[in-house]
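Quick heads-up: structures coming right below.
Paired with subunit B in one complex and with subunit C in the other, subunit A is shared by the two complexes that follow.
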Partner chain A sequence: MITLTDIGYAYPDAEHFALEKVDLHVEHGEILGVVGASGAGKTTLAKIIAGFIPHVDGGELTGTVVVDGADVAELSLSDAVSKVGLVIQNPFNQISGAKYTVRDEIAFGLENLGVPREEMVERVAAAADLLRISHLMDSSPYALSGGQQQLVAIASMVVLRTPVLVMDEPTSQLDPAGTRMVFDVLSALRDAGSTIVVLEHKVELLREHCDRVAVIAGETIVAVGEPREILADERMPEWGIGATRFTEAARAAAGRGVVAGGGTLPVSLDEAVAFFQEDVPA
Partner chain B sequence: MSGVDLRFDDVHFAYPSGTQALRGVSLAIGAGERVAIVGQNGAGKTTLVRHLNRIFVPTSGTVTVGDRSTAGSTIAEMAALVGYVFQNPDEQIFARTVISDVMFGPKNLGCDEAESRDRALAALTTVGLAEHADAHPHQLSLSERKRVALAGVLAMRTPVLVLDEPTTGQDARGVEMISRVVAEVSAEGRTVVAITHDMDFCAEQFERVVVMTQGEVRADAAPEEVFAQREVIDAARVEPPQLMRLAAQLGWGSRPRTVDAFVDAAAGERAR
Partner chain C sequence: MASTLYMDRKSPVHRLNPVTKLVILITVIVIVFAIPFWWVAAGVVAVVIVPAAVVSRCGGRLARLGLTILLPIVVVLFIVQGLTFPGGRTALWEWGPLALTTEGLLFALGIGSRIVCLVLASILFVLTTHPGDLLSALTERGMSPKFSYIISSTLQLIPAFRDRADGILLAQQARGLAIGKGLRGRVGAMMPLLAPLVLGMFTDVEERATAMEARGFGSTARRTALTPVPDSTAQRIVRWSMPLVAAAAIVLPLVTGAL
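And now, the complex of A and B:
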């Protein structure tokens, strides 16, 4: 569904590449998690997949980006936008500022696409229901809390029903229950056929929901693979990524000789329970 | 620099739209305490802390910082006492260079140019951004801008530091840096109040957790006690930190707040 080949990119006037030698393939109907330290190039990758680079940000992009069979560089921005919905990192900046109610804010993209009114009403209601913000429909987007604004920003993209969704830290403002709800929504969208790329620091949730995980470090992708293998990798600190406390506790317990250790360390709660139950009979 | 006491006495607050955001909050925080505020989105956490530097004054009830009622003070007077780091750094940062943005606070407190620069550079060093002093803030990433906003408040050296979602969008090193700031500010005896959705950060760095739901304080205790109250946790849409969830799942009686404490507990269980 998404194929990046030998991508290199430098922002306008930048002296260094923001990304270099990036090859990445994302299958139709999978959730790919992307992790990396701040500044490693995650947001740049998101904008490249969505066509915001080079269409909006300019700069020099080399290599090819193919999404849903089309070369993104050759698409107009409006055609690129119809293939990829991008939820940007700061939800406060995603809210259009042009609308007075949450309902109109979610409908904004559909209005621009010229979707008929009846269909628009149905799709806006469905997206709000999915993100559990139906009770906020008549509120001003600016009267909402940070987390509520983030759910509105996500709903504004989900409503477009693009084949690909790219989400740049979509749960940064959310309470833990809201975070789990958004990841459940991503899994449901994937199961319904969407292809999703999610950039996140919340490793526990990535382990639970992603089909594969990619790591960006030093301006390129240094590892892609099965979530547990990647997220329990001992190079995680080197890559600037925080492991879960489950992984840290298992590693520390093995280091102190409290457990035997060995094998792949746990990343999720279930894996940690299995790891410690085998070694530490209660 | 030592901290000051903070008091909320039966504070109610309604936004002009009519939304009742606080419904009778009473809370006393002692000088030098480290308190985390957790709870669901829209529970009133940000509204509550914005009363501390008089961005808001209560519709009824009183907020006291040290011996001053906020309602009887000016915003400038409160800003000298309470440093508030916004959730969204773009609401806070306005200058054309990082250094001038961070110098703005100390200058407003009456520091001269040299003193303001010294304080700003020290604060930028603390948050790991000294080398970006001359950059335009918008050349920095969101997580870096968040740390610029933090530096701007640290440079004011206020007795009270209020952090609104400080670890959001930070990577492992960023979270570590913010944890260090909290520990250092607290070691100086200053009062630290932080809103957070990061329960691991909350358990590791804070000695007291205030849980809010629908504009009210629902629980107020040490992390071990708060996270043992299933009903409160569910109502507030939060969850216990990872290590406490793991210990509970393993059927251990202990509720470890740190990896070291967890490994100690594991060693104890093994010895039984």
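And now, the complex of A and C:
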């Protein structure tokens, strides 16, 4: 569904490439999690997949980006956005400012694309229901909390039903319950056939919901693989990404001689329970 | 929270199509300025504006806002024109070089009544018309969506940026920024606020542009509306009739020699 080949990108007037030698393939109906330290290039990667680089941001892009069979660089921006939905990191800026209710805010993109009213009504209700914000439909988007705005921002992209959805830290303003709910929504969208790239710091949720995880460090993708394999990788701290708290606890316990260690380090609660039970019986 | 004076009421005035109200507002303004008799403006206030305010249940707010805006204007107008009107001959009261004249007061009444009518009609329009509905109605009639966006987002984003400025100021105060007393102190406090606010706004503009494009704002498709603005044949007739009424108000006084 998404294929990036030998991608390199430098922002306008920048001396160095923000990303270099990036090769990545995302299958149709897959959730790919992308992790990386702050400033590693996650947002740049999101904009490249969505076609905003080079269409909007300019700069020098090398290599090719193919989404749904089309070379994104050759598409117009409006064609590119019909293939890839982009949820940006700051929900305040995702809210259009042009609409006075959440209902109209979610419909804003559909109105721009000329979707008939009857279809809009159904799609807006479905997106609000999915994100569990139906009770906010008559509120002003600016009267909402940051977390609620983030859910509205996600709903306003989900409603467009693009085949690919790229989400840049979609849970940055959400509490744990809201975060879990968003990841459940992503799983539901994947099951319905969407292809999703989610750039996120919350590695434990990536393990649970993503089919694969990619790591960005040093301006390139340094690892792609099964979530378990990536999250247990000893190079995670070296890449600027913390390991899961379960991995950290097991590593610390082994380091202090509390447990024998030596086996596979845990990356989830269940694995941690099993890990410690082996060495510290009840 | 949007910076709007709109009052949410279920009234026939609220239910009117915003363009109908806008056309009536413009016609009222044309009438009172084309026929420069104070009793015409007073009549429009008594026959059109006051009943509409009562029906819309916005009378109290209209009165308060109207008084706040109009009282200083009208008082100054009557004092200045009453005392200094060049054609004033019939003195009602004199004190040294100052003379309050009938002609001056009548001139002030003519101007003042028109200003009162203009301001009250405009406030009533704003109180009974949701800005979102107005912009949707105007966009449906061919106004550029980009122009519509500029107006609408300004109404909503100014309060949002004000909140952000408050947040930045609070953060600066938490780090020891002292706000002095008086105007000078407040202006001084603005300085450390400006850089983060303005730079933040530049970043926001870039991000917002990306978000808008991601939602098809640059699309050339014919736009549709989720919430259609109500309209009726009767309102269409009214809208088409109003320009004729306005034209008559301009032409008739000239033709009949009433002016």
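Just so it is clear, the second predicted complex is superposed on the first by the 281 of 282 C-alpha atoms of A that agree within 3 Å, B and C clash if a C-alpha of one lies under 4 Å from a C-alpha of the other, contacts with A are read in each partner's own complex, and residues count from 1 in each chain.
Here is the rule we use: a contact is a pair of C-beta atoms (placed from the backbone, for glycine too) under 8 Å apart; a residue touches a chain by one contact, two chains touch by 3 or more.
All of these numbers come straight from a predicted model, not from anything done at the bench.
Engineer: State whether subunit B and subunit C clash or fit side by side on subunit A once the two structures are superposed.
Structural biologist: clash
Engineer: Touching A:269, do we find subunit B (first), subunit C (second), both, or neither?
Structural biologist: first
Engineer: Touching A:242, do we find subunit B (first), subunit C (second), both, or neither?
Structural biologist: It touches subunit B, and subunit C stays clear.
Engineer: Under the stated touch criterion, which partner chain does A:174 make contact with: subunit B (first), subunit C (second), both, or neither?
Structural biologist: After superposing on A, A:174 lies in contact with subunit B but is clear of subunit C.
Engineer: For A:259, is the partner it touches subunit B (first), subunit C (second), both, or none of the two (neither)?
Structural biologist: A:259 contacts subunit B only, not subunit C.
Engineer: Contact-wise, after the overlay, does A:85 reach subunit B, subunit C, both or neither (first, second, both, neither)?
Structural biologist: second
Engineer: Does the superposition put A:104 against subunit B (first), subunit C (second), both, or neither?
Structural biologist: second
Engineer: Quick one: is A:96 in contact with subunit B, with subunit C, with both, or with neither? Answer first, second, both or neither.
Structural biologist: second
Engineer: Under the stated touch criterion, which partner chain does A:143 make contact with: subunit B (first), subunit C (second), both, or neither?
Structural biologist: Both partners, subunit B and subunit C.
Engineer: Of the candidate stretches 8-16, 26-34, 170-178 or 242-250, which in subunit C collides with subunit B after aligning the structures?
Structural biologist: The superposed arrangement places subunit C into subunit B at 170-178.
Engineer: Kindly list the residues of subunit A that each of subunit B and subunit C touches, one partner per complex.
Structural biologist: 90, 92-93, 140, 143
Engineer: Which residues of subunit A touch subunit B in their complex?
Structural biologist: 36-39, 43, 89-90, 92-93, 140, 143-148, 169, 172-179, 201, 204, 236-237, 240-242, 244-246, 248-249, 252-253, 256, 258-259, 269, 272-273, 276-277, 279-282
Engineer: Which of the residues in subunit B end up touching subunit A in this complex?
Structural biologist: So the residues of subunit B touching subunit A come out as 15, 17, 19, 39-42, 46, 87-88, 90-91, 141-144, 165, 168-175, 197, 199-200, 236-239, 241-243, 245-246, 249-252, 259-260, 262-263, 266-267, 269-270.
Engineer: If we count contacts the way the header does, which residues on subunit C are in touch with subunit A in the complex?
Structural biologist: 1-2, 130-132, 135, 145, 148-149, 152-153, 156-157, 159-160, 204, 207-228
Engineer: Would you tell me which residues of subunit A are touching subunit C in their complex?
Structural biologist: 47, 50, 52, 56, 77-78, 81-82, 85-86, 88, 90, 92-94, 96-101, 103-104, 107-117, 120-121, 124, 140, 142-143, 153, 156-157, 160
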